[in-house]
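The same subunit A turns up in both complexes below, where it pairs with subunit B and then with subunit C.
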Partner chain A sequence: MIVANEKPLAEVFGYIKNYRRVLILGCGECVTVCHVGGEKEVAILAQALRLKALNEAKEIEFLENTVRRQCENEFVDPILAKLDGIDAILSLACGVGVNHIADRHGTIPVFPGVNTVFFGTCEEHGVWAERCAGCGTCILHLTGGICPVARCAKSILNGPCGGTKDGKCEISTPEHPVDCAWYLIVERMKRLGTLDHLSEIIPPKDWSSARDGGPRRRVREDLRLAKIEKVK
Partner chain B sequence: MKSGSNLEKVLLAGHFAVTAELGPPMSASGDEVKRKMEILRGSADAYNITDCQTAVVRLSSIASAIMLVQGGMEPVMQMTTRDRNRIAIQADILGAAAFGIKNCLCIAGDHQKFGAAGKLKGHPHAKNVYDVDSIQLVAILKKMRDEGRQEGGDPIEHPPKLFIGAAWTPMGDPMEFRVVRLAKKVAAGADFIQTQGIYDVKLFAEIMKKVRNLGLHEKTAILAGIIVPKNAGMLRYMNTSVAGVRVPEELIARFPKAAKKDDPPSVKKEIAAKTRETALAITVELIEQCREIEGVRGVHIQAIEAEEMVPEIVKRAGLLLRPKVA
Partner chain C sequence: MTHIIEETKATVAIERCATCSAACPVRTDTRAYVDLIQQGRYLEAFEKIREFNPFPSVCSLICHHPCEQECRRATVDAAVALRNLKRFAVEQALEYRQRKRQKAVITSSKTVGVIGAGPAGLTVAHDCIKAGYAVTVYEAMPRIGGILACAIPRYRLPDEVLQQDLDDILALGVEVRTNVRVGKDIHLSELRERHDAVVLALGLSESRTVPIENGDHPDVVLALPFLRASVLGPPPKVHEHVLVVGGGNVAVDCARTAIRLGARTVKMIMLENEEEMPAWDWECREALEEGITFVHRQGPKRLLTERGKITGLVTRAVLRVFDESGRFAPTYDDQRLTTIPGEMVIIAIGQRSDLSLVQGTPVQLDERGPLRFDRETMATSMPGVFACGEVVTGPGAAIEAVASGHRAARAVLHYLQTGAVTPVCEEPAPEKVGELPKDVIEHIKRMERIAMPTLSPEERRRSFVQFELGYTEKMALAEARRCLSCTAGATVDEKKCEACLTCLRVCPFGVPQVDKVAVMCSEMCQACGLCAVECPARAISIRRFAPGDIRDRVTTLLRGAPAPLARVEFTCAQDAETNEDLRDRIITADGVHVAVLPVTCAARVDEIDMMKPFELGARAVVVRRCRDCRYRGAMDRLSKRIGRTREILTAAGIGADKLTLE
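Right, the complex of A and B next:
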């Protein structure tokens, strides 16, 4: 899932304090699962902002809504079609949702209510951790299913570097422990009996499939509506 | 001859090589580089210039290395992959070669969060690069030199003549994989290896057996890393906090206890003198012990911010008369 963090209340309030009617818009997918931008968090943030507005003597009306997915027209367009009197949107979706609204609506400002941080997993209740960097050229078949691009602080493809200590990364601290991805890879491949595969040098990566190649877009011609119409 | 560097010639002639580290200052003081050059001059076959070590901004390794070349000393320019992508790396390599720099040590570099292990502010908020890793960097330099090709494939009309180095942490976790990683560096094209600081010579000798079994010591020149231990506190710190460094307790115990605040100056002076003598003695022993290990073809001495100790160490180790190889 896409994992996000709350933004500080004062910061969020700063974005919208000069608007009169603000829609706080949640999303029913990833940010709901990671407890930062679903229906519940929309309600909590709305209450907190109402109190903050009272304290700051600002007259702001906060409306609440949560759509199934803020990254799809199908769910977002109906909301954008009836924004009566709304003069700003505070989106609690990931950055994709905020962008989606900005792309679809020409005149109403939209603000991010969360900081989007990574693609990750829920390690345990209340703990999420990065697992994929979305680099566009997956090499997990070479590394025992553990990603060095996302999980090594240096994205090293022929690790581990000299900074590993007791299975931890050189940036690890007692407060913020970070596993050495390459330690995990070596240990896992040992268990799988495939450690000898790591003797092969992985050549420099083609980063053009990652963000480095520019914004990415995927087109499936066979699924495009125009095409489907034609077939009919 | 791959590069014609002095270090390469010394190793080719079968001499026990000595390299020493020169850390550039955190300022624009070329005079400070020159000061350290004069301290070290004559003590080693080549001098490693660190590249923003511990992720702290310092006078650049390439500029410092040029100063050495112009001053008649041979640098080993260290290059991290932390701060440059493959375009900047290759451009800097061509530039360095144009200035007569012939040795390059390929390393990943400390992560920017490292910031001098918290002793300085550093730049923990910087964006890192890590377009390639240290092994890929070795392969890129080899391709530039031997094939006359850039990493992307474009031809290089005048390829850089390089003696390519890599670092090795024999006692890093997971230890059983470290020899494999060395083999990868050698396969990528590392002509010489400088190791992480060795204090546990017995363990290092055991690991070197595995290295010899794979014949790696014949394909690359391994220089044992010697980090001059300044005092017991430094050794203790390195033992607990520096990855891949293991310090036997008996070495730490040889240092005198640190002076107390209210000790009289004469006592403080005496302790300081004993501490320095112990540091020199331990360093010389480490060099001699590493020298006895088959497959170790030199030492790389790092006296971090204590370069003035190097000539004395090299002299006591009987290595001061550096070979002149044509």
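Right, the complex of A and C next:
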């Protein structure tokens, strides 16, 4: 799931303070699940911004709405078709949604309300941790299901570096503990009885499928629809 | 809390009926009136009761409360005292209901005649006149109310309380003709000509008797005449040692009445053993407290007299009361006889109707004696003549008579509108909610049932004064809070739910099951509201609370508030002792204005509720929690939510110290 963090209120206010009618738009999927951009968080942010605006003697009207997913035209078009004097959109979706809305409308300013950070898992309620870097060439079959690209601070692929200590990465602190991914991998593969597989030689990773190869696009020709006249 | 996602039971998401309502013959929305009491809205609670039942005062004292027998709280500690709470609401509404009296508007020239002014007949009259038809009730006795007015002892139902219900019905404009015996003073066929529909609500007005050898003696009396005399006067003479034959509620009434009229000892002699004894458990307990004794498994055989006075009753042992199919078919052992000393015998073995008025009319009787009657259409064999109440149902409780009256009224109204007789269809009730699972029971806070204060047994023996003293406001609020809000809990909007699992994790009772969306198990939900506050998609609403209720109340209260508003306080309602504590209000002291909003569980107050007051001019917000929250984890959630909101207030320029938890 995509995980995002709140942006500081002052920063967000700075984006929209000179507009008169701001739509705060939430998204019903990942940002809802990580409690940062769903219908409830939209309402909280709206209320917080109203108080801040009052405090700063700014007259801004905040409107609230949430769509199922901000990265799909069918969900966002109805909103964008009826902007009714709205002069800015503050999107609480992940960066994808912000981009999509901005592209789709083309002229209205769209501001990000959250900082999108990673693809991650929920370790416990309220705690999310990065698990995947979207490298495009998944090697989890080689590492017992633990990703060295996402979970190793250096994304190294050949085993632990010299900085690992007591199972922790050298960037680990008591406040922000970070497991050594390679320590985890080795322990996991021991338990799986496949540790000797780590001795196998594998070719260098093809990073062209990752962000390193430029902005990515996936096309499924078999899914592309023939142009048919839409039923109104 | 970990939770294994299992096959969801298909029943989980479907609406269910609370067990209390399902048990009530008139399907009173019991949970709703208890919740209104809990909120301090006593008059609305009274109106909610009255919505279903034109005899709220009567039932608040004498109803056998089938609702309590089915109350799910009983599996936790004890059933909620639903009848006692009803009484409290009724008592609060005494003056209110008088002010509210007004004549019903008559919109039709057709009229209805009702024979019998008991609870069944008067319910028919009430319903028909409210539907716009003029009604005349014909009653043989000098006063209306049937058994309620003439035989129920005053220590259970004081006359002035009964009168509250009767006066409300009369105020609608129902015409009443007392001292009119249909069949003697006027014929049924005349009434049928006079009115467009007639309803027989004759009740069971005569006592049955049982043959006792040598039993023809002036001190052998029947139950109903005895009770009538004690209620209407002059009070019957009662000997020192009284024997009551019978084990039902009427027999208990006779026994307890005899005590109050001066008997020293009263023995109830019955065929049944302790388990079979038909009188309600609590009536038996109260009778035993008053010194009455029970003699089980004995049937009356012969009266013993000496010099014209009764000295005792010879009884024979009962082998069995019911046969294999459960029918009443007692068998005796005439060789095992007992002599029970006594000076007076009251026979209370059952009641029957006086059907003499049907002679010479098209109203037919059944082969076995009662009216020929269609229980679906409520019709007798005479066109336009219907029947209801104990005359057709057999012995039953007052609320059952009311239910029967409602049905007959529906049949009559249909007949008046269409000329046709049709089965009376009630809306099918949803299936009743299932049992509370053990895991949930474990986590429900135990709260002792508030006992109804009563006079001591010694005081009770001395007079006909009402022996149950009623709840104080503090007691009523404490008792109302014991309600588990069955079927008024969480529901999920599946279009919004993202199966984020938050509700599953925060619920103190393990209610949500989450697969593609969250589904709330109505058997388990206690309507605490925590999931609805925590849901990031705002996909959950709680039936018990109007959506956005706290927010709307904040806005309403603060819009009219004087400035400057020093503080807005959200206070948990759990510890409230008066309805003043439960009102949204502005308190002004030394020129300082404070707005107070009581809430059911402080953990329902969300971030926006806490911030909105500042937008509306408040200087500070306080959230006051109760002493001992009944929902596990709720106070932790609340304190963390407040922590976060304080950070937001700092960022907004208001300041964290302006919001506190106390």
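By definition in this document, the second predicted complex is superposed on the first by the 223 of 232 C-alpha atoms of A that agree within 3 Å, B and C clash if a C-alpha of one lies under 4 Å from a C-alpha of the other, contacts with A are read in each partner's own complex, and residues count from 1 in each chain.
Everything that follows uses one rule, which is that a residue touches a chain if its C-beta (ideal position, glycine included) is under 8 Å from a C-beta of that chain, and two chains touch if they have at least 3 such contacts.
Please read all numbers here as calculations on a predicted model, not as lab measurements.
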**OP:** Look at A:181 in the shared chain and tell me whether it touches subunit B only, subunit C only, both, or neither; answer first, second, both or neither.
**Re:** neither
Original post:
Touching A:160 in the superposition: subunit B (first), subunit C (second), both, neither?
Top reply: first
Subject >> Partner chain in contact with A:25 - subunit B first, subunit C second, else both or neither >> reply: neither
Original post:
Which partner does A:114 reach: the first (subunit B), the second (subunit C), both, or neither?
Top reply: neither
**OP:** Based on the superposed arrangement, let me know which partner A:199 touches: subunit B (first), subunit C (second), both, or neither?
**Re:** first
Original post:
Which of the two partners, first being subunit B and second being subunit C, lies in contact with A:67: first, second, both, or neither?
Top reply: neither
**OP:** Answer with first, second, both or neither: which of subunit B and subunit C does A:76 touch in the superposed model?
**Re:** neither
Original post:
Is A:41 in contact with subunit B, with subunit C, with both, or with neither (first, second, both, neither)?
Top reply: second
**OP:** Name the contact category of A:51: first (subunit B only), second (subunit C only), both, or neither.
**Re:** second
**OP:** Check subunit A for residues that touch subunit B in one structure and subunit C in the other, and list them.
**Re:** none
**OP:** Under the touch definition given earlier, write down the residues of subunit C that touch subunit A in their complex.
**Re:** 496, 498, 500-502, 505-506, 535-538, 606-608, 611-612, 614-615, 648-649, 651-654
Original post:
Across the complex, what residues on subunit A touch subunit C?
Top reply: 8-10, 28-29, 32-33, 35, 38-41, 43-44, 47-48, 50-52, 54-56, 66, 122, 125
Original post:
Where on subunit B does subunit A make contact in their complex?
Top reply: 81-82, 86, 108, 110-111, 113-114, 128, 130-136, 139-140, 151, 167-169, 172-174, 177, 180-181, 183-184, 187-188, 196, 241-244
**OP:** Name, in rising order, each residue of subunit A that touches subunit B in their complex.
**Re:** 153-167, 169-171, 180, 183, 186-187, 195, 198-199, 201-205, 207
